[in-house]
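What follows is a set of notes on a single structure, which appears directly below.
The letters A, B and C name the chains in turn, as written, and every chain counts its residues from 1.
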Amino acid sequence: MTALFLAGQGPGSSGQAGRLPVRLVYATSITQAHIFEAGEGFVLKQFMRENPEIEVVARQIPFSEYDTQILLSVRGGSAPDAGRVNHSTIRSWAGAGYLMALDDLVARSGAITPSDYYQGFWQVCLVGGRQYALPLTTDCRVLFCNRELFERAGCRIPRTWAELAEAAARIHRPAERIYGIAMPSDTEWGAAYDVVGNFLVANGGQLLSPDGRQATAWSDPAAREAFTFACDLVTRHRVCPPGMAGLNGTVVEALFVQNRLGMMMSGPWARANFEALRPGFAWGRDYTVATIPAGPSGSGSGSAQGGWLVAGFSATRHPQAVARLLEYLSRPESLARIAAVECLPPRRAAAAREPFEDSFYAVFLEQLATARPPLALVPQLPNVARMIQRAYQRVVAGSAGADEALIWLERRLNENILR
Amino acid sequence: MSQATRQAREARAGLLLSLPAAAVIGLLFVLPVAYELVISLYRSRVYEEHNPFVGLANYTWLFRGGDLAAATANTLIWTVGSVVGQGLVGILLAVVLMQPLPGRALFRTLLLCTWIMPAVVVGVVWRWIFDPVSGVINGVLGWWGLPAADWLGSSTTAMGCCILANVWRGIPFWLLMVSARLQAVPAELYDAAAVDGAGVWLRFRHVTLPQIRGIVVLCATLSFIWTFNAFDMIYALTRGGPDIATTTVPLLIYEAGLRNGHLGEAAAASILFLAAMAAVIGIFVRRSLGRQEEV
Amino acid sequence: MRRAGRAILGFYLPLAVIGLPMLFPLYWLASSSLKTRGEAFAVRPTWYPHAPTLEGYRGVFGGTFVHAVQTSLIVAGVTSVLSVAAALCGGYALARLRFPFRRTCGAMLLFTQLFPAAAILIPLYLFWSRIGMHGTYTALIVTYLAQAVPITTWLVKGYVETIPIETEQQAWIDGAGRFRASVEVVLPLAGPAVGATGLLAFVGAWNEFVFALALTGTDPRKKTLPVAMVDFMGQHGIEWGQLMAAAVIATVPAIVLFFLAQRFFVHGLTAGAVKG
């Protein structure tokens, strides 16, 4: 291994190969100290201990600025050597030539077994048939049910959309500030993934054609149905709290832990957030989780999937060291650690480890099998997500009906965005 | 010393004093403008390697988008509302705080404090204050038995709330500038007016107002430009929503262009935007520096 | 008694009516920094922390935040001093002297304000990267100067114009050289201008985010406060306690500065009165 490494040292490295440490810059979107130190920080330290000739410096960039900052640094000549890539931007960056091809690494590595990964997410890493990233973390959303409110209203865990609406209606008592169901909608990602996305996938609907060149928001009946249902929860069934046009995630979680919200759809990070809001609010006793009910046109449950990939940047001067690092990060132990606080690991071997053996995660892992990103991963994805948020806001704020909004959305996407 | 020599010396002194600043700034200004101009003529997508020349296509696209008219209207409301609000309250506070009464330094210090948080944080805090579920405003309304409202989620109130937050943030700027100017107003002017029997309002109108006119115009221009360009606060408050009720031109540029790597379109919008603002500045500079020739 | 009545009406009442609502969000910020997250997001907001906690502050001090305070002080302080110096020169020139391209200079100064930061970010970033100064304090300070100097220059110009030219001419006649006379006359009266523009430049640099993130944000030891604060906003939730605590801590140096700067404002008044 060391010989391979030494042989791979190019002219860009300093003097005596193998003597002075190779310095890699690793970019991540995790800026919160406690999460980083428990996850990537820990794994990177371990890596450095086992590979003393490689020094890894983490570059922590806030999530909201991540893509812009990486783009800037690549164009400015100070690109990181390796780092996270969002599942929504890999096509764009691979297309622009920023990422290293990893086919060789995958072929010869013993630690990376493609079949062990959840296949949907593995495919995300392939662009034009070549491998440009490795899955790092993934997530999906499930239905959280507040036990006290469910018992009080005498509801069962809903298994269809009709049951969902009914349960929410039974729980909803706005005069007492108790609400039926809510999802965070203050960002475009919240609207696209948490609000509309879950229903889309659970109904088998597609807002964009698979090749990403056409919008089918209106043309696809399943998509139409899903979007309409998401809007109806607010406008017709009226089972949501006020402010669904831009409801903040912490507010949704706070309502839930105060036993004022019957249901919410969120991901594995909710557990840590609940703990911060109300220590002792426990899974099993105070709330349960269930897979998202299948829609009328859906073939089974479905959920919006997101997640992060890890890649090497093509501008790096130490491709061998980067390959080493990527391989180390893909070991089940590493992946389990990195995903532990907020997400799920992208491979089964990691999901079999602590803390994912906890039965809290059983439903998530079950849901993961039927989860996929709610939209085709086009380069203009942030803009598409924003358009979906706008369409949703139009209906929720009362200026348009769901049908109108969908027609507008499809037209806009086709004319303006997907050019 | 002859007139000609004096003028020549004056000219040299003037150039010497202002040239370094103007040069550095010119460089840092000319560079970006040139860059944006060039980029705006190409189909420049981050994720595409091939950047063909497309001429004015990026400019026409912006007009076809359909959002430009609404964004421009929003921007004008946002800007004028903010500047007028900040200006009125700021001037009032500056005048009130001219009185050497106990607690003045403390008040001035405290009132300046709303200025010293980054726009992002201000946006996040005000978003929380306006929150329909756990926000203070609805909490207070509920306390008094009034119904709660979705302040940032309703197209009628969203912009007003953004303006309120911006006025809150910008008052200290006016307070500071007008206060500094008022300090230099000779006390004799006020005494003379008082002797003539002028009351508070007349003293304000005939002594204070003319004195602060210059600084008010300058502050208004600066404030106008800054508010026009402001991005972080609205983005943190509403993301430009609901729909595009609070989308101003900078947000449009960000969304339409920078957000998904459509650099060509973003550059074209920036150039158009720059041209419009340059006209405003041109007018101001002509008036302000033109008059000065008489000195 | 009537004087006291008028003081209340003309001073304390307007300050209470306007000032209290203005200060309320700051109070909200401070009290939220001492609340547990659960209490902060309770459906019925509490006016003061019922169970005060320092967990927010503890979280903030655990990280690199203290460095950020130091960095911001350095960057904003240097920007402030240098821009006041440049402004005094340039502002006087624009106000008093006639020289070719005077109007162009003035216009160019203001034109720099036209671009939103995001629009010039890329070219500026490329510029600093190409000359190898990416990630330095200097790059950030020069960028801030480019933003601050135009404004401060115009403001000083405005203040200089309010000083009657006769005062200066009197000093020239009294025998002092042109330059020395102007300095001795203008500088003392420029106290408020210096204070105001210095504060303006300071606050501008203190609050700025976009360039700070792009130019020095990736180095944990060189982050400024706004960048450090955004670090508390994660993908799946904001660390509210820490963010509020950070915001409170960030206002402290500025408050101290404001308080100290008050003396500039008193100075000008007395100097003006002496001349008569």
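Methods note: contacts are C-beta pairs under 8 Å (C-beta built on N, C-alpha and C of every residue); 3 or more make two chains touch, one makes a residue touch a chain.
Treat the numbers as computed from the prediction; the structure is a model and nothing was measured.
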| item | value |
| --- | --- |
| Chain B and chain A - chains in contact with each | C |
| Between B-C and A-C, the pair with more C-beta contacts | B-C |
| Separation of chain A from chain B, taking each centre as the mean of its C-alpha atoms, in whole Å | 37 |
| Chain centre separation in whole Å, for chain C relative to chain A (CA means) | 39 |
| Approximate Å spacing (C-alpha centroids) for the pair chain B, chain C | 15 |
| Residue list for chain B, restricted to those that touch at least two other chains | 133-134, 258 |
| Multi-chain contact sites of chain A, meaning residues that touch two or more partners | 251, 254-255 |
| Contacts with 2+ other chains: residues of chain C | 41-43, 122, 230, 233, 238 |
| Contact footprint of chain A on chain C as seen in their complex | 37-38, 41-43, 59, 62-63, 121-122, 125-126, 128-130, 134-135, 213-214, 217-218, 220, 227, 230-240 |
| Chain B - residues contacting chain A, complex | 45-49, 61, 64-66, 127-128, 131-134, 148-150, 152-155, 238-239, 241-244, 255-256, 258-262 |
| Residue numbers on chain A that touch chain B, as the complex places them | 68, 71, 91-93, 95-97, 186-188, 241-248, 251, 254-255, 379-383, 386, 389-390, 393-394, 396-397, 399, 415-417 |
| Of all residues in chain B, those that touch chain C in their complex | 7, 10-15, 17-22, 24-26, 28-29, 31-32, 35-36, 89, 92-93, 96-97, 99, 101, 105, 107-121, 124-126, 129, 133-136, 139, 142, 168, 171, 173, 176-177, 179-181, 183-184, 186-187, 200, 211, 214-215, 218, 221-222, 225-226, 229-232, 250, 253-254, 258, 263, 266-267, 270, 273-274, 277-278, 281-282, 284-286, 288-290, 292-293, 295 |
| In the complex, chain A residues that touch chain C | 29-35, 59-65, 69, 72-73, 75-78, 177, 249-251, 253-255, 257-258, 260, 267, 269, 273, 276-278, 342 |
